[in-house]
Amino acid sequence: MEALVISHQKQIGDKMLEGLISGLFKIFTSNMMNIPLIEPLVDYLMQIPLVNLLVALILWRPFFAVIILPGLVGLLIYLLWIVYWERKLTARVQWRVGPIEVARPIRGAIQALADGIRYFFQEAIIHREAHKIYYIQLPILAFIPILLPLLFIPAGNVVGIKTPYGIQLIVAFIALIPLFIVAMGWASHSRFAYIGSLREAFMYFAYEIPFIIAVVAMIYVYGSGDPYVAVEKQNIPGAVLNPLAFIVYIIAMIMATSRLPFEIPEADQEIAFGPFVEYSGILFGLVMTLLYEKLYLMALLFVILFLGGWEGFYVGILGDFCAPLVLFIKTVVVISVLVIVRSVYARYRLDQAIRLGWTSYLTLSIAALILGMFVGVLV
Amino acid sequence: MEYEIKVPVQPPTELQSLFIPIPPEYVEEVYRSEDFLVLVGPQHPGSGHMRLIVRVHGDIIREVIPDPGYVHRCVEKIAENRLYIQNIPLVERPSIMDALNFNLGYVRAIEDALEVEVPKRAKYIRTMLAEICRIGTHLYDAAILAVFLGHTTGFMYPFGIRELICEVLVRITGARFTSSFIIPGGVRRDVDEQTLKFVYETTFAIEKRLKSFERIFIKNPTVIARLKDVGVLTKEEAIKFGVVGPFLRASGVEYDVRKVEPYEAYGELDWDIPVADAGDSYSRFLVRVNEISQSLKIVRQCIKNMPEEKLKDFRGTFFDEFADIVLPQGEFTTLTEASRGTLIYSIVSDGESNVPYRMRMITPGWLYLRGFMESLKGERLADLQAIYGSFGYFPPEADR
Amino acid sequence: MITEWQSLLPEKKLEKKYFGILKEIVIDSKLCSHCAACAAVCPVDGISSGDQPIDFPNWTEKCVDCGACIKVCPRYDYKPLSGLGDYIEIFSGRSKRFVGQDGAMVSEITVSAIEMGLIEAAIFAGRSEDWSTKIVTIKSPEQLKNRKVTGTKYSYADVLIALKEAVLRYNSVGFVGTPCMISAVRKMQKTFKKFERVKLAIGLFCTENFYRHDLYDFLIEKKSVNLKNVVKTDIKKGKFIVTLKDGRKISFSVKELEEIVPSGCKVCQDFSAVESDVSVGSVGSEEGFSTVVVRSEAAKIVADYLKEKGYAEISQTSVDAIKKLCDYKVKIHPYPKKS
Amino acid sequence: MEENIKFLRSGILAPIKKWGTHWSLWPVHLVTACCGAELAHAFASGYDGERIGALNYGIARQTNLIIVEGAITRKMARVLRITWEQMPDPKFVIIMGTCGLNGGVFWNSYHLVKPFEVVPVNYFIPGCPSTPEALLRGIRQLQNEIRTGEPRSSIEFEKVDLGKGKMMPVTPKSPKKISLAPSIVVNVPRKADEETKKLADEISKLGLATTVTGKNRIALRVEKDELVDAAKKLQNFGFDHVKNVNVIDVPNEDKFIVEYHLGSYSKRELMPVVLNLFTELPRSEPKLKSLAKIFPSADYMEREMHDFFGVVFEGNEWMGRKFLLAPDTPEYPLKKDFKLEEEKYLR
Amino acid sequence: MIRVEKVELNLVESLKRHVEALGEAFKQAIKPDRVTIEYPRERRRYPLSFRGFIIFNSEKCVSCFRCAQICPANAIQMEAHSKPYPSIDYTKCIFCHFCIESCPTGSLNSSKIHDVAFRKMEEMVVSANMMVKLPRILKEEKFTVDVIVKDKYWKLLRKKEMDDLSIPPIKVEVPKKIVTCAEPESCLGCRLCANVCPREAITVKEIEVAKRVVSYVLKVLTEKCVGCGLCVRQCPMNVLKLEVVK
């Protein structure tokens, strides 16, 4: 009797599992990427049990968007590239070579990987006076506002969650990131970290308002917060439709990610990396990439709003993959050009930056808003 | 409604464990008031071998107490224990990028005492070398200023150009920095025509490269925003606190030892001193930028007007010539315009020993430190680095 | 070009290295006057003087056996000198340019000699705040304006060591010293030609001299006076007078000091520095004046020069007073000692 | 914990860790002395240390390499140690320049310590300053060491037989000739031009006795109580700043000579003149009134002289405290009784 | 006198300068004026006047101690081999080359070796017998770089060759001197001159009378004397001096 019950239960369990797998498989396959290039391979893999589930999962559009491209994998590739590129480009401007000996045949392209590995294996010191738990948690928690917007960033029909308020949601989540930086500064318990946090908070207000207004201006232009509408309406790129918002957005992007000339919260010569002064090892590895990730998100939004999003070229053989790729390439190109400011500018002082934010840029952004309204009526 | 935020306010523990020269009562008083003490340096990316104890009220600096001596290497005491000639490498160590000016000042003090006549060609070579070092030092300071402003390209370009200066020095003297080339009565060896030609060409190459630097750093609006109207020293203040060199000239005082008491070949050459009136950080920087072009002009003139003369080669007889130098009794003070300002050597001799009885060496850094500290008052904390950079304060030079 | 030369050695009285002989015959038999002539000439700088008896710590190994110390020692083959000696003239003077303990005539004569070009430099004994002696080379009048250099010290000074250095450096040197030092220099001049560069030897009237630490301890223990607070010491009319910073004066009989008088002084009979070029002291003059006994031609020139220039006030001297003290010294310091 | 560390050192991940570490040696920004100039050259356009993965970075926590750039003073030694301790493992130290090895030209300095006694050192680089090539060679050697685990110097000397023999029995004398009885006079009159003489006469009219000690150099002696008055008079005359405060210790005459070198920026004819206003103090009681109130430029130099000689400038608020020197430095090192180590010429 | 004017930026001027700076950066990014010498891969050619590690020629050395005594850092100390030869402590050497300049025979010479890292402090004390041959250093380079300035433009010229790190010795011409006695009357008879002589060029003869030494006869062997001057500096009475011989 007992055995029967057990086997019955087992049967039910098996059935449930079966149902789950088949259900998931159904969900995955119903919304799968269509990439003609790898279709034979996919077809072959789909015949192998369990592997097919995995393949289906990977090619499931929401998953692909969040985890592969433009999501996490894209983010990782971008990080390795941008750190290397930034150093290399800066070196080029500065009459020198930049990282090269790490892997000479590929001109030192894996320098960032070496640094990452070094950070990973280095001791992570939590100093006596730090608020220990927050100190460790915050760099990890900071990934939440980084990852969440990825859900809402569409690339063609590859999208995590489709919503007409996508742009607003992305902006909202991006606005969360500075909170974590401020909190990290507090958890570090160091005077330079305090000053850095304070500066971050000040800067937050300086750039966030023009930034949001610039985004709102673009929403006016397109008449919707839906990225699809935005991309659809960009027969003429948004940059041309509302050049004022374009400029404001670029400056806000530089300010928001603490790039020179607005590298004020970190300012290593003044306050020794501000909020991050005490972080070491893998924790510093995490916090160092934080702003690059933020830049990535903002640049994605930038491409969607101003540069026609995933619209660009279409290669039939890539199928659905084409849109994320275009978006990714555009983003990386935008950032790659943007990083040149690092080698051109000196750092502004906090008060100067805030004054700029609250006067010129605010005015400019309001002008952009008004322009956006007119353009919105026209388009 | 008012909410009281309870932040523990107590003097941090590091104030006890580090050598802080200020009394504990002062620290307590600061912490009781609404002020805050920030220790900048010695291990700080915006300082280096120097500590500034900054008392800030909000973001505004109220008082800065310098804590120098992190590179105090006892030049004055050691000089009392070495032969006059052995002190030549010693006196140039405090400021190695400006080695030849320091070398020249010391040797001039000896020559002044012994009343040695220097061959004219040697004088020209010395002037040329001193000016090359001046260019190098101004570039160095510009680079450090750029670093302090977070401008990495502004750091790389001058150091790139400095490679050329090192090449010039290594061809003439054999060492990149600390050449110990000037000795009483001349220079260690003659400079050949080919090298002179190279130096002449180099001045133009430097000028060309400086154009790039000018576009990307000197005229950069962000740089101007950071430096303009920051750390102002008025003419009266500059005089009162005894500021020297280009920093004094930036405040509107036309004082240059090379003009008021010309030494070596300066009196025979055609050049000007740049003077600014504003006395802020940017003028301090611009004065030095202008001095670079003047120095290039001097170097070119030196090479063009270099008299033909055979200079003595000291190889083999160096010890016999110089080991037994004994200065006459008395005190011999020479002023030299080193790159960062007036350099004073005051050698006291008893007239019997072949070591100095007392050698007082006052470097420009030590002289303008007071003015530097005064100029910080009332500025923002973020400006500390900008002012620091604009003064080109080099602690080894100041501490000796 | 002299490439071969000879150096004569003195006769060895004992089968020892020369310093051993000096030690046995002079130092250990309590004849040593602590003039430090041996320390001055020792080629290996092994002989130490200073504020303790002359010694050469490891002479058995380090002594190079050259005999120079014996050649210059004034107490080796000691024949005491006494009396006032030969002199050309005696006068009392008070310097108008310098302020000294008495007439400051030592300073005056030295400076005059430097001004005349007779000597390039002169060796003086100065003192530090705790009255230990320091040697100063005087080359210009400026230096003597500071009172620290002048004044009597009553303790041993290494004048001759500095004198030797000066002799190697200058062509003409003068120095100021006690009678035993003068005798030592005269002996040096006889043996080594280089010391002929000592052109002016100014002798001081001297009854006895002390080790500084002895004097220091004596004053603290017996008189509860710290030498650090003392401005001036003097011997006048058999009294040792100590002037303190606060102006107090403490005086006591010289005889009390008997216990700390070093053995070498107890055999010395030369009060007036008989062998000097010029001797100076306070005895025989009125308060504020110094007696000057001119003995050689060179000194005569200097004396005439300073008189001519009017650098000093001149007054009368009582030769008898000096002679009396000369005899007194012979009396209290008998040699050879009666057992 | 021990096991984890052991695993990291020799486990299967160790090669990856080694690879990452050796291509990513980031020196911390710890400028200790003037070799920093050559370090800057090594990491600037001319040599670009970033090529081999070394990037100069700000704070100890994020870096793994200390390059000790020359001299470590008593004051800096603590900082070096603290910085080293702040660094996460694995960490390395390279010393460049002779000052950091045995002191170089400062080998008998009273204010230097030997950095290899403060922190464990991986590589030593000679030179004064070391060339950028030498520094990069040091980093390169360190990389090799991390990769292969074998520390080695980058130079090999070939020995040649030069025979054996004895040193001569007598040690040769030092070339230094130091007078046993020095005579120190600051105001030795020397010949000069007419203008200086005229100026000296003019200053004499203020009631101060002057000596012309050279062209544009005038010395002026006052008693120590008159110093402040004289300074005030001279300030009215046109001297507006102090170029130098100097103390000369003369133990033989039991005195300190305190000098103030005055100069002028505001009066054109006084510009080249250096006026040496000096006075003498007894060595046992070295006290005088500070001139920092009259000439603020004298302030720091008075503090410095207080450090060096123990001369008390009454009225300068910093007296009794160390300014330039570390608290554990021997007291008043510039006094003549403080002796430095003597040279040796035999090994 | 040049008066440096105060800078006032208006919007146009400011924008112009922004564009200039960005323009320069883009220009460099596209066509860089690169000046880097990739050191381990290539080596900068230093001139023959370069001051590097010191090479020693034992045959010429006269053990005169001049190098040891002029050294400002006391890095050179003499070491006993068949004669006293200099040894260099590179933990102190500051590469001022006063020693080379002082050497009257040219037995010390410079080399172009300078890029050296030591593992241990003890390895840095280099005896005379290690300085005779040019030391081997680790070389990873394939190119040699010359810094040249041509047509007012600074260039690096790479050549695929290895630079010779030795520097040919420079001939030193110093007249031969020997020691003589200037003032035998002042001789103390201490024989320090004979004892300090590294060449045994001064002999001492003891003259005995009745088994007692009564005097020393000192003699300079002119053929052995190399004029190192050690005795002259040693003499406590300064009676010796060097004289030029033809």
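Going in written order, the chains are labelled A, B, C, D and E, and every chain counts its residues from 1.
In the analysis below, contacts are C-beta pairs under 8 Å (C-beta built on N, C-alpha and C of every residue); 3 or more make two chains touch, one makes a residue touch a chain.
Keep in mind that what you see is a predicted model, and the values were worked out from it rather than measured.
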Where chain A and chain E overlap in contact partners, by chain label: B, D
Chains contacting each of chain D and chain E, listed by label: A, B, C
Chain pair with the most C-beta contacts: B-D
Taking each chain's C-alpha mean as its centre, the one farthest from chain E: A
Chain whose Cα centroid lies nearest the overall Cα centroid: D
Identity of the chain that, by mean CA position, is farthest from chain B: C
Approximate Å spacing (C-alpha centroids) for the pair chain C, chain E: 49
For chain C paired with chain D, centre-to-centre distance based on mean C-alpha positions, whole Å: 44
Chain centre separation in whole Å, for chain D relative to chain A (CA means): 50
Chain centre separation in whole Å, for chain E relative to chain B (CA means): 28
Interface hub residues of chain D, defined as touching at least two other chains: 44-46, 48, 51-52, 58-59, 105, 108, 128, 131, 175, 179, 182-185, 187-188
Residues of chain B engaged with two or more neighbouring chains: 44-45, 82-83, 89-90, 153, 156-157, 160, 163, 178, 216, 220, 323, 329, 350-352
Multi-chain contact residues (two or more partners), chain C: 137, 139-140, 165-166
Interchain pairs in contact, sorted by label: A-B, A-D, A-E, B-C, B-D, B-E, C-D, C-E, D-E
Sites on chain A touched by chain D in the complex: 87, 91, 94-102, 108, 111, 113-118, 120-125, 268-269, 272-273, 277-281, 284
In the complex, chain E residues that touch chain C: 178, 180-192, 207, 212-220, 222, 236-239, 243
For the chain E and chain D complex, residues of the former touching the latter: 34-40, 43-44, 58, 65, 68-70, 72-75, 77-85, 87, 89-96, 113-121, 123-126, 128-133, 135-138, 140, 192, 195-198, 230, 233-234
Chain D partner contacts - residues on chain C that touch it in the complex: 121, 123, 126-129, 134-140, 142-143, 146, 148-149, 158, 161-162, 165-166, 228
List of chain B residues in touch with chain D within their complex: 18-19, 21, 23, 42-45, 48-49, 66, 68-74, 76-78, 81-83, 89-90, 93-97, 112, 140, 143, 155-157, 159-160, 162-163, 166, 176-178, 238-242, 248, 253, 255, 257, 260-261, 323-324, 326, 328-333, 335, 342, 344, 346, 348, 350-355, 357-358, 360, 362, 366-367, 369-370, 396, 399
